[in-house]
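Per-chain residue numbering starts at 1, and chain names A, B, C, D, E and F are given in the order in which the chains are listed.
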Amino acid sequence: MTLFDTSLRLLDRVRAPRPVHAHCDLPCGVYDPAQARLEAQSVKACMEKYNASNDADFKVRATMIKEQRADLVKQHLWILWTDYFKPEHLTAFPHLHELFWKATKTAGEAKKTNDVTVADRLLSEIADIDEVFWATKK
Amino acid sequence: MTLFDTSLRLLDRVRAPRPVHAHCDLPCGVYDPAQARLEAQSVKACMEKYNASNDADFKVRATMIKEQRADLVKQHLWILWTDYFKPEHLTAFPHLHELFWKATKTAGEAKKTNDVTVADRLLSEIADIDEVFWATKK
Amino acid sequence: MTLFDTSLRLLDRVRAPRPVHAHCDLPCGVYDPAQARLEAQSVKACMEKYNASNDADFKVRATMIKEQRADLVKQHLWILWTDYFKPEHLTAFPHLHELFWKATKTAGEAKKTNDVTVADRLLSEIADIDEVFWATKK
Amino acid sequence: MTLFDTSLRLLDRVRAPRPVHAHCDLPCGVYDPAQARLEAQSVKACMEKYNASNDADFKVRATMIKEQRADLVKQHLWILWTDYFKPEHLTAFPHLHELFWKATKTAGEAKKTNDVTVADRLLSEIADIDEVFWATKK
Amino acid sequence: MTLFDTSLRLLDRVRAPRPVHAHCDLPCGVYDPAQARLEAQSVKACMEKYNASNDADFKVRATMIKEQRADLVKQHLWILWTDYFKPEHLTAFPHLHELFWKATKTAGEAKKTNDVTVADRLLSEIADIDEVFWATKK
Amino acid sequence: MTLFDTSLRLLDRVRAPRPVHAHCDLPCGVYDPAQARLEAQSVKACMEKYNASNDADFKVRATMIKEQRADLVKQHLWILWTDYFKPEHLTAFPHLHELFWKATKTAGEAKKTNDVTVADRLLSEIADIDEVFWATKK
């Protein structure tokens, strides 16, 4: 994505009455990639705090909470993938399956490391999903 | 809040690198009232679909899912109340406890009815909390 | 299944350290599509019992339990898809993503109906996944 | 509370057909601060066992289980606060919100330490809530 | 149990520093049959409210919540049975397995009915377990 | 298991509507000791990976995941014991209660150790339960 595209996209978000959420008219309810993103940010915060700490118990807790948060990332992404996206979306975005497979795999990888670049990759993959998601809402 | 304040606040949201979320620097992690709001919108959607349907089984499912979503609203709000807000916030916003007590009670009330005005009140109370929350972030 | 097959199978159960499962050597642990299949059979059983009953409360419970079981089907399938399958498997089975997308969507559809043919389709899609899974184990 | 008050209260508990629990006549069901207290005692036990042990794995488990138990303390207290207590109770006990805010914050604090005085403070705050609770039952 | 025994037992409960809970000195933590009893009382309350109501949605919710509460009864009882009780207890109370098997089966039965006598039987079976439990604490 | 057995087994999988499960005709649904066995194999795998690793964080995760998996073993076994087995089964298999008590206790023991022989004992006890289970299905 070029810087220009990014700017347009940010502007678009500002101008439109873009809610933080998306309201789905189908039986499946309300969806928003923000749910996955928030948990992924929590994963990243756990890593940062783990890396900044010398307290063994704190590190255990950071590892444990990161595991749970990464699970929530996977949950929110899986639900989006299966419940929100429809065959016509796949036609328009043929890389949809790959996007979700990679992002959920990255969430799994984030459980096994405190390397913040993994969390950043996860956030970036969720941003890609977010982009596709909002494109289907136009 | 005057219309002018609201405009400023909206502008503020736009200009600053305001993420959809909030990053907490304390051990407790990442917070955002958007999590409660999304579930409350789901509660409202369940009510609307319940009211629009004549299918008994669908109504059972809407009732059941609404119950779970309203529980999630309460969870997210309780976590904000206890984990995010600090005594200095209470000094600045003395109605904080009342805000959360009323909003979580309304979430409970939303389980017992399909009256959409209850869901709208819940969303409005979460919007009030959201306002306080973002004010503490400035 | 012939009587002869059944006999062999029963013998097999008696004599041997008969695994029903698959042991994964990677950090992700132990996988087996049997977990999804068992929950899908429970979904089907809930439908059959719903259809055979005239008791309103029983039907509520069947609907509710079916919802939970269908959720478990999705969970088990999502975990297989993201955690077990690797890029090399996708090369060998290019329809992998479609298989899982369709099966998890069918599990969602099974929540909304008591039409047993939907449960049968779900079981058939899980059988297809099972086949791919065991082929990767050879 | 004076010793005399305590004695009266204990006597009161003995004489009356005081059940271990409280039966709520409203749709919300059955409440009893004993649920929070039991989990808080578990939190304290985890700390004591952590402190008495030299086994690294045991300490990990104690930390992990304490985290879950402290979460349950918060759950039970939040439910009491939002679901059981009514505006008229707040009039009679104006410190109600503070009581619950402090106790749930202490439960959060107990996750971060193995200092038994924190668990004792938590138990004492739950005892204060218990007192208010039973006063509303008279 | 004779009335005299009952009286002694009640007296015993009063005099001794009998806590609402039991503190286990083994790694397994804190146990108390009160946890199961409270949930069983909730099961009974759900039945009573179901029977007193003419509101179809309320009845769905009562059925659903009763199911969850009965599950919690089973959980608490299973944990007592497996985690708290030891072989020496079984020697002293040879009917221990039967007690728990019957009580957990009754909890399952309580899911399927709104007949309050089933809930009363459940409460009575939990009272029997409670008696054995406290006898092992002396 | 001989190669011949393996071949038969593979053939069986390919040809037949091979069930891995058991279909219960009562309201309680679908049961299969395979569910407990799969989680017990996961417990064993966690131990093996713990023992083979020198990475402190990995060991924390293995301990944590083993705890959850051992809990699932207990859940699946408790459900079988209470929900599937009936008084007539107990008549035919008088050691039924002991089987389940020991197996669930072993699952608890497996949380506290990384001694693989404990996991092997757990698997063996589940195999005994499996044998009884399938005998009741004939």
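Quick note on the criterion: a contact is a pair of C-beta atoms (placed from the backbone, for glycine too) under 8 Å apart; a residue touches a chain by one contact, two chains touch by 3 or more.
A quick note: this is a predicted structure, and the numbers were derived from the prediction, not measured.
Colleague: Give me the chains shared as neighbours by chain D and chain F.
Modeller: Shared contacts of chain D and chain F: A, E.
Colleague: Please indicate which chain is farthest from chain F, where distance is taken between mean Cα coordinates of the chains.
Modeller: It is B whose centre lies farthest from that of chain F.
Colleague: Counting C-beta pairs in contact, does E-F beat B-C or the other way around?
Modeller: If we tally the contacting C-beta pairs, E-F comes out ahead.
Colleague: Where among A-B, C-F or A-F does the D-F interface show up again, with more than half of the contact pairs the same?
Modeller: Repeated interface of D-F: A-F.
Colleague: Where the centres are mean C-alpha positions, what is the separation of chain A from chain E, in Å?
Modeller: Each chain's C-alpha centroid was found; their separation is 43 Å.
Colleague: How far is the middle of chain B from the middle of chain E, if each middle is the mean of its Cα atoms, in Å?
Modeller: Chain B and chain E have C-alpha centres separated by 37 Å.
Colleague: Distance from the CA centroid of chain D to that of chain E, rounded to the nearest Å?
Modeller: So the centre of chain D lies 21 Å away from the centre of chain E.
Colleague: Enumerate the residues of chain A that touch no fewer than two other chains.
Modeller: Where chain A meets two or more other chains at a single residue, that happens at 27, 58, 60, 64, 112.
Colleague: What topology does the chain touch graph have (line, ring, star, complete, other)?
Modeller: Topology of touching chains reads as other, fitting no named class.
Colleague: Under the stated contact criterion, what part of chain B meets chain A in this complex?
Modeller: Listed in rising order, the residues are 14, 19-21, 23-24, 27, 29-30, 32, 34-35, 37-39, 41-42, 45-46, 49, 58, 65.
Colleague: Touching residues of chain F toward chain A in the complex: what are they?
Modeller: 57-58, 60-61, 64
Colleague: Mind pulling up the chain F residues that touch chain D in the complex?
Modeller: Against chain D, chain F makes touches at 59-60, 63-64, 67, 111-112, 114.
Colleague: Of all residues in chain A, which touch chain C in the complex?
Modeller: 27-28, 74, 78, 81-83, 97-98, 101, 104-105, 108, 112
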